[in-house]
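Listed next: structures, encoded as structure tokens.
Presented sequentially are two complexes of chain A, the first with chain B as partner and the second with chain C.
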Partner chain A sequence: MVLSAITEFAAQEPKIYGLVIGLIAAAILAAVINVVAMLLVWLERKVMGDFQSRYGPNRVGGRWGVLQLGADAIKLFTKEDIIPRGADKPVYVWAPIVAVATTMLVAGALPFGALIIDGREIPLVVANMDISAFYIEAALSIMAIGAFMAGWSSNNKYSMLGAFRGIARMIAYEVPMGICVISVAIMAHSLNVVEIVEAQSVWFAFAQPIGFVIFAIALITDLGRMPFDQTEAEEEIIAGYNTEYSGIRFGLLYFQEYIVFLLGSILLVHLYLGGWKGPVIPVISFISPMIWFFMKLVIVLVALIWIRVSLPRFRIDQVTDLGWKILLPLSMVNLVWAVVVGMYFA
Partner chain B sequence: MSGEMMAVDYYIPLIMFLIVGAIVPIGALAAVKVISPQKSTFQKRATYEGGLRPIREAVIQYNVQYYLFAIVFVIFDVEVLFLYPWIYVYASEVIPTLGGVNIAIIDMLIFIVVLLIGLLYAIKKEALRWV
Partner chain C sequence: MIDLTQFYNIRFLIELGAFSLLAVIILGLSILTVYSRNIVHSGLYLIGSFAAVAALYISLNATFVGVAQVLVYIGAVGVLILFAIMLTKKTLMEEESHG
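Moving on, here comes the complex of A and B:
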């Protein structure tokens, strides 16, 4: 009854409907993503503690230290807001805002699992566009601008080097990543992330293993995580692009990194690991896609944390070399592989 | 979603995402203005440079090598842009075949090989050497 009224309104006034739905979904997702990102920081610190034979957070919030991030957030909110006098003030102020806002653009097009209602799979996605994979990739690369604004406006040599490195790294891995998305789209015959997930009767991680490895590496560089975190390499350039940031401005940039970590892992699950697809679990069948999705997501997140604690950081010249001279030709090979396999075995 | 929605309509919710995404950090900054102490001094607002007074501006002239990376990136990114529409047409029945193979695939293979030769040239000329 209510549902049919809503669909009727959607058909008549698609623009107003889109604005209202977008506002509601964005508000909910912003809240959920922020909480999940905080839990993710906690998870990472805890898992890293386990890997390094120490406790990790264990004071605030019981034995497991779950509330540690709440305490950290309170600290960041009550710290003094300092803008260095050499900074380019408007750009400096807007950099964290741009970083967070562009991150939300990714969240709008990314499906967050699916529900089975009346035997039909309903993906939980706000903007289900025909080209959402392309759009997400584009939005992911816009995020480098936030980091560059932060590094450039600080008027600090370390920040500047971090910003330069960030852009160099982004452009080195953007092309292999794009070609990997194209290879996936060739096999799925679609650029829509939902349709890509539906097309994975065999996970694309198995159908194109080279592409999976290249995409995972390119994704880690895009997220700026450990083997590839040259933009904020502590031992070389203090804290990279956010050296001059403190208090809540630093907190925003830091949270943005973890939000991107979450969204990037979701993208990896969707493109290569079959998204929410999996055998239907009886009794609780309507949320069984959700269960599969979360299981895969947690495995990917822990795997990325594992990579972070296991591998030392590469030098920046090694990183650009890897991107341009190895991954780019390999991704072309993967493209040809995807065309051939897609033609003869689909 | 009804079938009458135009392609543009899918992007409308994303505008709201951008607005909400901007409101959240702006709200956080406004909250900090209210609850955090404000005792700014001259020394506090100095640029960090290992404890010393900063020498000259940080906005430096970077090595020209950096520019070559950007040029190569533009070439290959445009190539990727050409590949995106190609996904939709390469398997269609309309396109003629050559010896049983779709001609769009052959075209794209030639295109990729030409670009790979270009990449090899750039590597040999040390255009992609980080300095």
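Moving on, here comes the complex of A and C:
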């Protein structure tokens, strides 16, 4: 009876029904992302431990230390929340919230795999827009504001330098990254991430090798991970923009980096590695896209952790040099390549 | 005579509520941008106001314009303004904000 009432309401007021369903889906999505990002912190610590010939977390939660993160979260929640006297209090308080909120914007348009029901592929995405790739690019470009607010409001030279570097780096790498997304959209004839995935009968990593490399480098820079983590270079500027933070506010800023890490890797899988596409596995065919998607995602995540533990950090001037002088011209070459190849095979 | 009651359904009320909320946010943040004594706060209020304008575009079913607003105004213009402010002298700024 409840179901029939719901379907009747959906037929009468499709817009409001869509709004309610969208809000529920967004709430589920936020919960899922937080849990997966927590597991990601564990994965990174464990894999880094393996790469560096040590154990990593191995006490809390059995042999694999799975509950270590629960312990860390409780620690962060119960620590004293210190706000420096010279800090700009409202901006200081809002910075972690803005950082996490702008990051969560990206998740709304990203598909998290697909299911096959009655022979049809149903992508698991909250907002399946026509311009979702453009939307994701826009949401990625406003992430620097949270870090800027944190760095500026702390009233600390090192925090300020971290924020400064973050914005300089973001401006330098947003351009080649955007051009790579455009090249992918040209080849797929669509700006919709779901349609971009469907268009990849050949993975775009093979169709546009230059674009793949540029996008991967720009993505690592956007995520602020090891070869490009000048915003929080310990040896130079203490911890960069989150130097003055403690307790749960630091926890939010720290956690935000892992959420971006997860979402950025998912974006890389969708744009260049064929998303959830792969041969249908018999017997469990309805979740076979999910299996392919998670396999690719885990490979990308471990590869990014691998890069993090193996490469030393660049200087900030080398980073901006690389962005403006090498990646930007190369991304233009890739754009021309995408147009020519796209027209030839269209 | 136009029968006004036909407009007062639940969808109309939701759209009216969303529009009024966004209008208040846009106007409030714009006024704060102009009257704020601290130039960085002004920049942040301006970014908030840009975001509300983007939300307004999206609520009017102009998704592309809304997303372009986010990319161009928040991602480029807003960040550029913050970047330029950061290059200015902080002490000078504080003197101006207190004096």
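Just so we're on the same page, the second predicted complex is superposed on the first by the 330 of 346 C-alpha atoms of A that agree within 3 Å, B and C clash if a C-alpha of one lies under 4 Å from a C-alpha of the other, contacts with A are read in each partner's own complex, and residues count from 1 in each chain.
Here, contacts are C-beta pairs under 8 Å (C-beta built on N, C-alpha and C of every residue); 3 or more make two chains touch, one makes a residue touch a chain.
Every value quoted in this text rests on a predicted model; they were computed, and no experiment measured them.
Undergrad: I'd like to know which partner A:Ile82 touches here: chain B for first, chain C for second, both or neither.
TA: After superposition on chain A, A:Ile82 lies in contact with chain B alone.
Undergrad: By the touch definition at the top of the document, which applies to A:Ile142: first (chain B), second (chain C), both, or neither?
TA: It touches chain C, and chain B stays clear.
Undergrad: Going by the contact rule set out at the top, does A:Glu13 touch chain B (first), chain C (second), both, or neither?
TA: second
Undergrad: After superposition on the shared chain, which partner residues are touched by A:Trp152: those of chain B (first), chain C (second), both, or neither?
TA: So A:Trp152 meets both chain B and chain C here.
Undergrad: In the superposed arrangement, does A:Val91 touch chain B (first), chain C (second), both or neither?
TA: In the superposition, A:Val91 contacts chain C only.
Undergrad: In this superposition, which partner touches a larger number of chain A residues, chain B or chain C?
TA: Tallying touched residues of chain A, the top partner is B.
Undergrad: I'd like to know which partner A:Ile217 touches here: chain B for first, chain C for second, both or neither.
TA: Neither chain B nor chain C is touched by A:Ile217.
Undergrad: Should A:Glu174 be classified as contacting the first partner (chain B), the second (chain C), both, or neither?
TA: both
Undergrad: Applying the document's definition of touch, where does A:Leu271 land relative to chain B and chain C: first, second, both, or neither?
TA: Neither chain B nor chain C is touched by A:Leu271.
Undergrad: By the touch definition at the top of the document, which applies to A:Leu263: first (chain B), second (chain C), both, or neither?
TA: neither
Undergrad: What part of chain A is shared between its chain B contacts and its chain C contacts?
TA: 15, 19, 129-131, 134, 152, 160, 164, 168, 171, 174
Undergrad: For a test of understanding, state which residues of chain A touch chain B in their complex under the given definition.
TA: My answer: residues 7, 10-11, 14-15, 18-19, 21-23, 25-27, 29-30, 34, 77-87, 93, 96-97, 100-105, 107-109, 126-131, 134, 152, 154-160, 164, 168, 171-172, 174-175, 178-179, 182, 185-186, 189, 191, 238, 243-244, 247-249, 251-252, 316-317, 320-321, 324-325, 328-329, 332, 335-336, 339, 342-343.
Undergrad: Using the touch definition up top, name the residues of chain A that touch chain C in the complex.
TA: Result: residues 13, 15-16, 19, 88, 91, 129-131, 134-135, 137-139, 141-142, 144-145, 148-149, 152, 160, 163-164, 167-168, 170-171, 174 of chain A touch chain C.
Undergrad: Could you pull out which chain C residues touch chain A in their complex?
TA: Residues in contact with chain A: 10-11, 14, 38, 40-41, 44, 47, 63-64, 67-68, 70-71, 74-76, 78-80, 82-83, 86.
Undergrad: If we count contacts the way the header does, which residues on chain B are in touch with chain A in the complex?
TA: 1-2, 4-7, 9-22, 24-26, 28-29, 31-33, 35-40, 42, 44-49, 54, 57-60, 62, 66, 69-70, 72-73, 76-77, 79-80, 83-84, 87, 90-91, 102, 105, 108-109, 112, 115-116, 119, 123, 128-131
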